[in-house]
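Per-chain residue numbering starts at 1, and chain names A, B, C and D are given in the order in which the chains are listed.
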Amino acid sequence: MADAKAMQRKDPQFRTRVADSFARQTIMTTIGATLTHVAPGEVDIALPFRPDLCQQHGFLHAGVVTTIVDSACGFAALTLMPAGAGVLTIEFKSNFLAPAAGDAFVARGRVVRAGRQISVVSGEVVARSPAGEKVVSLMQATMMAVTGTDGVKD
Amino acid sequence: MADAKAMQRKDPQFRTRVADSFARQTIMTTIGATLTHVAPGEVDIALPFRPDLCQQHGFLHAGVVTTIVDSACGFAALTLMPAGAGVLTIEFKSNFLAPAAGDAFVARGRVVRAGRQISVVSGEVVARSPAGEKVVSLMQATMMAVTGTDGVKD
Amino acid sequence: MADAKAMQRKDPQFRTRVADSFARQTIMTTIGATLTHVAPGEVDIALPFRPDLCQQHGFLHAGVVTTIVDSACGFAALTLMPAGAGVLTIEFKSNFLAPAAGDAFVARGRVVRAGRQISVVSGEVVARSPAGEKVVSLMQATMMAVTGTDGVKD
Amino acid sequence: MADAKAMQRKDPQFRTRVADSFARQTIMTTIGATLTHVAPGEVDIALPFRPDLCQQHGFLHAGVVTTIVDSACGFAALTLMPAGAGVLTIEFKSNFLAPAAGDAFVARGRVVRAGRQISVVSGEVVARSPAGEKVVSLMQATMMAVTGTDGVKD
């Protein structure tokens, strides 16, 4: 569904920019998440299971699931923004399809529409276990490019 | 908008049940969140600012904001469920109204409609600073009561 | 939660502008909806029940419920925009709390945050019957002000 | 992402059931929509452009776009439900990617996860014009199977 022309990166340094911005997200270090894939309109973030990130039934907390996929979606949008722009999450919506049980989780953000200001991004989080890979959450998010505002720059 | 009859608690031990379930959410300890208010259809969770919970511009990460308000909404729904039921997040949607900047944050979950299985809950997160209180996020969430399923019990 | 300063109207002719724009929404005439309240940050739209607007169980179709509350939210945002701006729906999310059964329906849009470009609006649809008023749908919407784009002007 | 086993239809008469239920949705006749594709987990609905279904800029109203994709998503979920069950929309979220300009529109609902009670469905609406096909809206919806409730049966 993606428009090929709109998917062209505006900043040749987009990989470095995403990696640097990811490194500044202190929550990623706190929970142990790493950046594993960056391409135009695409970002993946991986997170090993940890028992100190759970909800009351021992599954990964929905908020942690959301933390990694929000960043994946935001950085996916950032890959297509011009140098000097910063990215902000306007809103997102997530459905939770199955308990977040697994040894590791991967959040994937994929840009569906890249506008000058507003980008729409689809996200999913899969849980990996010996039994295979299972989608546990689906996100539909709206990201915004901001320039010269409040020191927001990526 | 809440229906008074539907708002009646089904379990006289609802306060203890919410507190116990909250205590089992290991992510709450990890980020430093505490349960500060429990009433029929209402739960508040507080979180002091910490520099290791941030996104790239130094604000609280949207995923952390979402973590506390998801729990506030889920436990608000749990206050009205019968003993033996567990609560699961089916889905939520959040708008982010302002950067999550402040000394402390409070997430408030308020049940709008409590059905036998499906509950709809409104959530908000406010940031507190010397300048006052500011709403930084609004959530609209759907929670489900599950009984006798997969060992899910609260 | 609304910020009083942000709620100040930017166009003294906002009532006329909303009424004119509503009159150009041909779907409103088609379904029989009318504009019943316009104030800064607030718009109501009324719709009598009609058997030709229903889903399979004889209730008002969720899409029709959404049509009137989307317009109420969009025009609520427009009341606070400067002259010359047009309003577009970026996205919305609706929960359906009860079957849309009643003699008449009222959609209410209320601006929660009015930004220069992005506005967040809360909406609800109530059903009226001899038994009273009942909330059947809750919306959380994101609207955008556009200027000088594609002939979009309200 | 769909689970093959979960995608198995539970009612061999699912095509007839969807067609009959669609025929009872009076709003579909009112706006001129038709059912064009029914398969396990999949439903398409087509709608020719009509000037009496528009918003203020002459594009198809977002509520009309939502009406056809809500039905497509709901009926897609219904294809996988057991005989005797009815389908209700719990909630949906739609992003609007481009103005709904075109000669005709097609709404496509595709089940992502079919649970015993809760189904998650992805929807999209494309606009067709001499220039080709363009996605104008993306939906993520939650549908519920109800049995023996309030005369809700499909």
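Criterion: a contact is a pair of C-beta atoms (placed from the backbone, for glycine too) under 8 Å apart; a residue touches a chain by one contact, two chains touch by 3 or more.
Because the structure is predicted, anything quoted here is derived from the model rather than measured.
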Worksheet item: Measuring centre to centre with C-alpha atoms, which chain is farthest from subunit D?
Response: B
Item to complete: With over half of the numbers shared counting as same, classify the subunit A/subunit D interface as same or different.
Response: same
Worksheet item: Any idea how many Å lie between the Cα centroids of subunit A and subunit B?
Response: 23
Fill in: Whole-Å gap between the CA centroids of subunit A and subunit D
28
Worksheet entry | Whole-Å gap separating subunit A and subunit C, where each centre is the average of the chain's CA atoms | 32
Item to complete: Mind pulling the residue numbers of subunit D that touch at least two other chains?
Response: 90-91, 93, 95, 142
Discussion item. Quick check: in the complex, which residue numbers of subunit C touch subunit D?
Written reply: 21-22, 24-27, 29-30, 51-57, 61-64, 66-68, 70-71, 86, 88-96, 99, 150-152, 154
Item to complete: Enumerate the contact residues on subunit C facing subunit A in the complex.
Response: 90-91, 93, 117-118, 142, 144
Discussion item. Looking at the complex, which residues from subunit A come into contact with subunit D?
Written reply: 1, 93, 95, 97-98, 112-113, 120, 122, 124, 135, 138, 140, 142
